[in-house]
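First chain A sits with chain B, and in the next complex the same chain sits with chain C.
Right, the complex of A and B next:
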């Protein structure tokens, strides 16, 4: 049995917890319950014919109240950067966290999820920033933890890249 | 081996142990008492007689004395209840000696220590702390288990912490660095959550430290109230900051909206000023002047309707706090509201040569009382009729259907205009939707309709008409 650790990184209230819950338990709640510390959920997957257990580290949001500890990243095979489409500043935070993760984990697979796609009418992040990141080779997914759109696909792409890598 | 000559043993011991009580007997090779001394009475041995065996009086010695060759100690036995005695046994010549030392004080001390340990352990349990000691890489539980540990780990004295808590598996790496004196003296894990078999979530935090005696200790604590407090504070801080963000965006939007509104309102004004200037400055024949007045009037009406829809939209939020009727007796009648809305627009439709038809289903009851408020209900209908008129081609027809539905009653306004393009359908009812003609002035018309209908527990939507045109429908619950 292969075990792979994935860290969820992003500003607060972007939907890290919701994405993990949607992926693992297929549920969603509109209520905002801020995360303190770390919650780990497991999910079994078939990746390229192998049984893989994903250990999903749902970390608290990184902001002036709580910092993500470098030790939380130890041993991660990949990470998901999460931004909230309706809050442009969360995309800047993601760039910062990417540097942070890169400096501790080196070159492991990651994806950028721009979440809350169901609120696309209220999106603030502009295509230009996205284009710039794409040119840097980032793989970007638009997701909605609320509707489930793109969630499975994002986790599974990361899982594939981790197993292959 | 002779430890020391008996003659001085007593003296020596008396000196060494001070006020402690000491007694001794010396046995010959047959195990019979050859010599005795000290405070035998204290140990209940006052009638030990010379020439007799001693082992019958001391239960643990029974039968074994002759075989004892080497020195030995029977620790903490009670020859007299409540008096703890260490019995030292040693070979002496052909025989042996027994030295009785009173250790009651030491035993009491040990008991007190033990009790303290139990109290401490009880206290730890009450505080929700589970203590583990690392012994050769294996974590052993010390003391009592608090409830979270019983729920999450069971009663195994050597639980597999790393297996139960992947988070801890990671923290143990930091803990080991602390124990090996490579890390800080104390390492904290930060909080983490774990769910027990019953679905209860516990908030835990671990501390690793190395005691002065070198023991490697891991304490895991359930945070309970402290977590709740921290959570409340952080939740509040973050909710506030999200609200602040939302407010900022709202203000930005309102500013943009203000620009749009001013721009939209200025449009008709240009025509009005233009036509009036012409009338004032030029000699015009009455027919031409009339045409210009018509034009100006039309623009004035247009402006008026825009102002009304702006007021509607802004008052909708305030009115949402106000009351509406859901009791049948005072609730508005849908058909009566429809016919008043039709009356309001009949003239405008005629002028534009657009037909306007009411198609009430024969299944409708005599009275169609719906949840809502009469004048706002009429305004919702007017909004839809105005939109339909605006997009209708000349000699087109707008039909208004009224029929019963599961929720109550349903109204559909159907026109023969171009319909709403696919890309504009999402967000059609959103505030400030800039979807061409459909949103009404500054995109507020349909938003007003939606917020009003939804406030009353109804729903509203769009679907393309077949073969062409737009259908806007809304449903309102029946008033009971």
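Right, the complex of A and C next:
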């Protein structure tokens, strides 16, 4: 049995919560997010023959009113950066959060999820931006919390990368 | 020898000098040469001998065990294989070896299982049918909570329901144990949430480290003991025992000691921490209120002895108290009925009989009365104020005390009159008449039926002396007749005795002389003359030495007595002048 801690990072209303709700079966309680700035969820899956339990820390959206608490990142084995494809500024915010997480967690696996794939016609995020990030070694997934597209695959890849170490 | 040295020497040494040099070399460096040869041989020999290893093996094992677990891990397969081989070859050897511990372990396990089962059955029976059980079932129905939870709520002092072993940095659950029948929420979520809360508190209050130690929520308390890499959290229902924190801290330290490497390099694999379950389960303890009560119960044997003794003691005490109370009550009733005693306040306090009241001096001694009713004098604290009672018996008793009558006198109070009868001398009667009015409760004295013994004696003597006659010669009024004088003298002696007697009775004696003449005597003055002659004789003979008031002689009148002489009459006169007739 392997247990891993994952943090979800992203701007306000990029769909972090919707994504994890697509991914997980258990939602501990919605009220904690507004209380202490984090909501914790659990997902069990098989990775390379091993039972893996992911403890997902859905951190409050980082904005001008509330900052991500660095202590919540402590001990995370990986993190998911979430941006809203229809809001280009959320991608810039993701870059800040990546630096922030990297400074506290070091070199741990992470993925960028550009959400709202179902609204792809309205996206502000263009391919050039993605390419630039890919050149930096980022792994990018397009996801739709509404339809569930790409969600399972994204979490699964992160889990595999974490387990491989 | 090198050529340069040879050149320096200049010539070959003489052949006969070689043995001497060898001898000299042997003397100077022979010992060192031998040691060098031994060292060279050891370096030249590649393999290490068993002799070499046995010297260093114990210290090497000790040092390596202290530094890390690699030696244990390396030896584990070998030891396991050796044990398996030993068991396959000869199971008896291992059975013999573990025999001293396996028996007690099995017995202990069975005993604890049976004890747990019996306790469970006892609790079920006690709480199912008893009034308490019914009340708790009603409470469960009213609150919608399980019956078992209600039973626990009322009967538990505390129970540690869950123990979490949590990785400090990641807040991931390493191990979790739970008490039987306890329903749990997802422990992995709880573990992470606890970590989040600790982070939140730490950030919010700049505590610097995760140091939440206690969280209280309703009937539950969460106790946390932290170590560098892991923390132990216990969910306690009820009142946490004071020793719990110390035990938790000891468990944390033990786990850090036994799983130090796993904790240091933790990467998410929780399998090694299964080994910590026994330590964590050791914290799953509970204490029930019923057990406390049972501990305080005394043994049946003690009860069998103590209860009869206590009951007997209580019975004796009750019997004594009842009789003491009855004695006291009876004594008080007697006191209340006793004339001349008025009880104002009475109390029996811790064996002391306290009485306050009034007492007539003529009344009976209350202490004597109390003693007659079984009250010991030393237990009586009495205070009596004097007073005069008006009960007739007390008045009579007071009169008797004051007047001191002779035994022949009887007394009775009729109204406020003291009636006295019987016999008494005249002196006592006079004293009684004088003093009776001073007796409280007596306003009058009735002596009408009391016989004055002195007066009676005087009357009797007077009766004996009355009507004595003195004869005269016919026709003569002269007392020259010797017989007459002798008679008179004898009469006078009797009078003396009468006067003495009458004196005691307060009476005066009066002698009345009646003159007479015979029918054949013609002189009519003869009777008076004869009476006068006797009176004069008395005057001359007798009254000269006797106070006149004690003896009165009257007469000298002629009476119709047809004898030639006089008749002497005796009269007794009291102080009021009234004549007391003689008997």
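Assume the second predicted complex is superposed on the first by the 153 of 165 C-alpha atoms of A that agree within 3 Å, B and C clash if a C-alpha of one lies under 4 Å from a C-alpha of the other, contacts with A are read in each partner's own complex, and residues count from 1 in each chain.
Simple rule for what comes next: a residue touches a chain if its C-beta (ideal position, glycine included) is under 8 Å from a C-beta of that chain, and two chains touch if they have at least 3 such contacts.
All of these numbers come straight from a predicted model, not from anything done at the bench.
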Partners on chain A (chain B, chain C) - clash or fit: clash
Which of chain B and chain C A:46 touches, first, second, both or neither: neither
Touched partner set for A:1, first chain B, second chain C, both or neither: second
Contacts of A:55 with chain B and chain C, given as first, second, both or neither: both
Which of chain B and chain C A:72 touches, first, second, both or neither: both
Partner chain in contact with A:13 - chain B first, chain C second, else both or neither: first
Which of chain B and chain C A:38 touches, first, second, both or neither: both
Which superposed partner A:103 touches (first chain B, second chain C, both, neither): neither
Location of chain B clashes with chain C - one stretch out of 184-192, 238-246 or 310-318: 184-192
Interface residues of chain A shared between complexes with chain B and chain C: 32, 36-38, 40, 55, 69, 71-72, 74-75
For the chain C and chain A complex, residues of the former touching the latter: 167, 169-173, 186, 188-189, 192-193, 196-197, 199-200, 202-203, 267-271
Interface residues, chain A side, partner chain B - complex: 12-13, 32-34, 36-40, 55, 61, 63, 65-66, 69, 71-72, 74-75, 87, 120-122, 124
Complex interface listing, chain A residues touching chain C: 1-5, 26, 28, 32, 36-38, 40, 42, 52-53, 55, 57, 69, 71-72, 74-77, 162-163, 165
Chain B residues touching chain A - in the complex, by the definition given at the top: 166-167, 170-171, 173-174, 190-193, 203, 205, 227, 230-231, 234-235, 237-239, 242, 245, 249, 426-427, 430, 433
